[in-house]
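Both complexes shown next keep subunit A, but they swap its partner, so subunit B is in the first and subunit C is in the second.
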Partner chain A sequence: MTPDDVLSAIYQLRTHPFSPSVGVDGQPLQDPFALPLNPSAEPRHTAYYYDLYDWSGSSQVGPLDPAQIVRRFPAPADLVNFGSLLTIIAGPEHSGRESLRNLLLHKIGQQTGLPLVINLVLEGGDRGQIVKQVAELFMLEYPNHFGMPTFDRLQQVFQTMTKTKVSGQSSCYANLFQFWRTQIQAFCNRPLVLSIGGKPDYNTWRVLYNSTRSLFSCLFVVTGDIASAKTCRETMQGDHVNVAVIVAPPLSEGEAMEYVRFRVSKERPTAIPSSIEPFTPAAISALYQRGPTATENLRWQIAFLNRTMRRALDDHLAALVGILKARGSLDRALLSPQEIEINATVVRRAREALNMGQ
Partner chain B sequence: MVSQGIYCPNKNAPNQITISDLPPDGVTVNFCVHQNLIQQPGSSVQGKLIAFAAGYKPTTATVKVDRPSLAPWIRALQWFVAILVPAALVGIFGAGSAWLTSSLTQRREQKTAFRKFKDDRWDDLADFFHTHLRNVLREYDDEQQFAKRIHLELLNRGYWASIPWKERDRIERFIRKQEASRMRSVLAALFLEWENDLLELHT
Partner chain C sequence: MIPTPTPDNPFPIEAVATYGAALRTCEDLSYMQACRDQLNEYLIQYEKSETRYGCSIGLSGGHGSGKTHLLSWLAQQAAALTVSRPVVLYAKADRASFFDLYTQIMAQLKRADLQLIIADAVKNLAVEEVNKAEATKSIEKRLQTPAELQRLFREENLDREALFLTLRDRLQVSGTPQEITEALLLIESPTLGEKAHTWLSGKRIEDREVSVTAHTSRAWPRQFREGRDICHAPANSLSQKRCQRFIYSVTDATSPPPAVSARDGGIVRPGK
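Our next item is the complex of A and B:
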């Protein structure tokens, strides 16, 4: 008798809802929640997205749609006609922002082929230098995928174009990227994407977008600073450019309840009415009890909920296996309602164990 | 060396001393003149000291005893008032004036640099005060916490280093004392161009 047997026999769950070992196709699957979801690496990850995102700042992208990944997304022709798309995904760490970026990259891949992604981590400093850094990263990465133009040719253009600093308030070395675009057009059949992380600075994002947009059809910014994301969009709106801000917020108690319901129901046959069993509302509320000095309601990132619920269910299953072994049968009727449910105490213990690093 | 002495309490006191056993390295003779002999401060008495020794010619030394015109502490006080105090005053005034001049120069330089900073970063600052701080404000319910965040934003964006020292101190003091509105007033005075934006920022 194993925990998986208990999941199946007592709860009608195909697999662990917070640490699935079997994919939607019934085939074995590495735990998709161990790292940010990445459908480009594992297409079955698309089934594990949950639309917790705030799309109100994004008229160009979203919301999630299981059938077509996202309901709105600019067609490749739109990006040519209306300019590159800057998508800023803002939220605290482990809130699902990297997963969303990976999903949108997957969408681009479906539309126009696997994107060539240049990753930049901002550390602050002179904006002209940062733009040069992007150029250097591109110059080093591009020859790994395409034979023409060669690294030497790209470098020759780079050296010529950066001999004197060509920069205004809103862009630097924009000519370099325009020239490269014309050079690579005949050879590069993959969409070019710039993905930006690190220190948040709306002015730097704007300069990067204005400088490199002729080369990169999509730019992604992943940031923890929601205010900077909104400022970037608002200050760029006057320039009539494509900027979308998507916020990945931590979840309130009610939202967490809905998420648990969604996840548990996903792993049950569709004929069974949706519920949060084996979890109870009290188990979820236990995570949201305010401390004596707290002034605001608690909100938790989705990864925190996944980790906690996974641990609580693991502990509960281990206990149930012991009980059912002692009673000699894998029969739900042998269990009392209290034994079937995961209550607040189990969740608190799970949280304490995780906090202790166990 | 042997010492011997003559004490002259008045004019009639004996004024002669005989040294019977003169050692080879000589003898020191002390003599004391009673103050009654020189009653007026500033006056003096003069006399002669004559040494007779068998087999030698008498040796004469003129002795003059002055009575100081004032008591030593009064003279010390006079010296203090006349020389040391003016010297100290000159020193203090000089140092104060140098400090003041240097502070004024420093302040003027800081204000000039700050004006230049505002000119150079005009667009950035306009976005910061007009748009960004409003977006930041939406994340806060508490005025004091918001004031701390403004301080942090100024630091992170590199604006803080351009603010004159005096205003920096005041901003930090008001944050410490949880006087957010006064902190905002200092900022409004510094960034007068965005005064309205700043004064509208309330949680």
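Our next item is the complex of A and C:
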């Protein structure tokens, strides 16, 4: 008798809802919640998205449809006609922001082919230097995928165009990226994307966008600073550029309840009415009890809920295996309602173990 | 002929003492003990945020009356405290420029010291954060030292980015100028930390890229207003008021920094 047997026989669950080992196709799957979801690497990850996002700052992108596909995203022709799209995904760490970036990259891949992504982690410093850093990253990455123009040719243009130090307020070395665009047009059949993380600074995002938009059709910023994201959109909208802000918020108690219901129901046959079983409302409420320094109602990132519920269910299953073994049968009728449920105490204990790094 | 003082004579032969020089002193003098008691009481109160208070003590007296002598002795006393581990800073107000005082103080704060201060601040914010929920309250037991932070970040029990954003906001609310805040938060960076520390110390940043666009120092305040990044400026030329605000926030004092005498400015920043 294993925990998977208990999941199936007692709860009619195909797999662990917070640590699935079997995909929607019934084939083995590595835990999709161990890292941010990435459908480009594992197409079955699309089944694990949950639309917790606030799309109100994004007329160009979103929301997710019932199949967890992005309903609205600019067509390649729109990006040519209306200019590059800057998408800022803002929310705390582990709130699903990287997963959304990966889903949007997947969408671009479906529309126009696998994107060539240049990743930049901002630290600070002179904005002209940062733009040069992007140029250097591109110059090093591009020849790994295309033979023409060669690294030497790209570098020659880079050296010519960056000979004179510039200190523009809104853009730097924009001509370099325009020239490269012309150079690569005949050879590069993949969309170019710049993905920015690290230190939040909306002025730097704006300079990066203005400087590199002729080369990169899409720019993504992933940030924990929601206020900076919104300020960036406000300041750039005056320039009539394509900016979308999507917020990945932590979940309130009611939203957590809905999420748990969604996740558990996803792993049950569709004929069974949706519920949060084996979890109880009290188990979820236990996570939302305010502590001594709280000044407002609590909200938790989705990854926090996944980890806690995973641990609580794992501990509960281990206990049930012991009980059912002692009773000699894998029969739900042998269990009392209290034994079937995951209550507040189980969740608190799970949380304690996680808090202690166990 | 002046007789050479014997080892048990607390009074130095020099009429005016130099701060930090070797001391021949006597702890039995009641006024010195009163000052040490004052320092100890302040440090004990500092341990808890609810009892902590801003503290300035003025010492006044004529030349050679023992002000610097007392300060040097107090600095030794503070340095010997192994539990509260206060940081003693000394500056001499020889010029009218407050920036001169600021650079004297900052020159004594090594990058490692600032890193410790930042880590300590983040740790305190983490304690506040985990206590927002009953479900995470027990993490506080593991937050005895800043070194625990890295492990808690890795375990996803703490959100590093959110804590640094809160620290940024708190510094700004306390009146720390934006460029100082930015520089303090860069102190940990392996690539820009050294440069940020140099800038905070008020020294020129030796950077060829920067020197190409070097402007006169009078231009910097205007550049800061325009939101230029701090590391773009080769020298920190903060105004007096801004320096004062920064020092208040670093010392966590609500009253002005301790002006220990008319000519000496010493700050004892309690640490842990």
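Everything below uses one rule, namely that the second predicted complex is superposed on the first by the 351 of 358 C-alpha atoms of A that agree within 3 Å, B and C clash if a C-alpha of one lies under 4 Å from a C-alpha of the other, contacts with A are read in each partner's own complex, and residues count from 1 in each chain.
In the analysis below, contacts are C-beta pairs under 8 Å (C-beta built on N, C-alpha and C of every residue); 3 or more make two chains touch, one makes a residue touch a chain.
Please read these numbers as outputs of a predicted model, since none were measured by experiment.
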- Message: Please determine, from the superposition on subunit A, whether subunit B and subunit C clash or fit.
- Response: clash
- Message: Per the contact definition in the header, classify A:354: touching subunit B only (first), subunit C only (second), both, or neither.
- Response: second
- Task: Report for A:316: first if it touches subunit B alone, second if subunit C alone, otherwise both or neither.
- Result: neither
- Task: State whether A:263 touches subunit B only (first), subunit C only (second), both chains, or neither.
- Result: neither
- First (subunit B), second (subunit C), both or neither touched by A:16: neither
- Classify the contacts of A:307 with the two partner chains as first (subunit B alone), second (subunit C alone), both, or neither. second
- Spot which of subunit B and subunit C makes contact with more residues of subunit A, would you? C
- Once the structures are superposed on A, label A:45 by its partner contacts, choosing first (subunit B), second (subunit C), both or neither. neither
- Query: Of the two partner chains, subunit B (first) and subunit C (second), which one does A:94 touch, if any: first, second, both, or neither?
  - Reply: second
- Message: Tell me the contact category for A:106 with respect to subunit B and subunit C: first, second, both or neither.
- Response: neither
- Report for A:125: first if it touches subunit B alone, second if subunit C alone, otherwise both or neither. second
- Query: Between the stretches 20-28, 56-64, 74-82 or 218-226, which region of subunit C is in steric conflict with subunit B after the superposition?
  - Reply: 218-226
- For subunit A, which residues lie in the overlap of the subunit B contacts and the subunit C contacts? 169, 201, 203, 295
- Contact residues on subunit A for subunit C in the complex? 92-94, 123-127, 129, 165, 167, 169, 200-201, 203-204, 224-225, 286-295, 298, 301, 303-304, 307-308, 347-348, 351-352, 354-357
- Per the touch rule above, subunit A residues touching subunit B in the complex are 169, 201-203, 226-228, 230-231, 234-235, 295-296
- Note on the structure: In their shared complex, subunit A is touched by residues of subunit B numbered 123-124, 127, 131-132, 135-136, 138-139, 141-142, 157
- Query: Can you name the residues of subunit C that touch subunit A in the complex?
  - Reply: 128-139, 142, 151-152, 155-157, 159-162, 165, 182, 186, 189, 191-192, 196, 209-210, 212-213, 226-227, 229-232
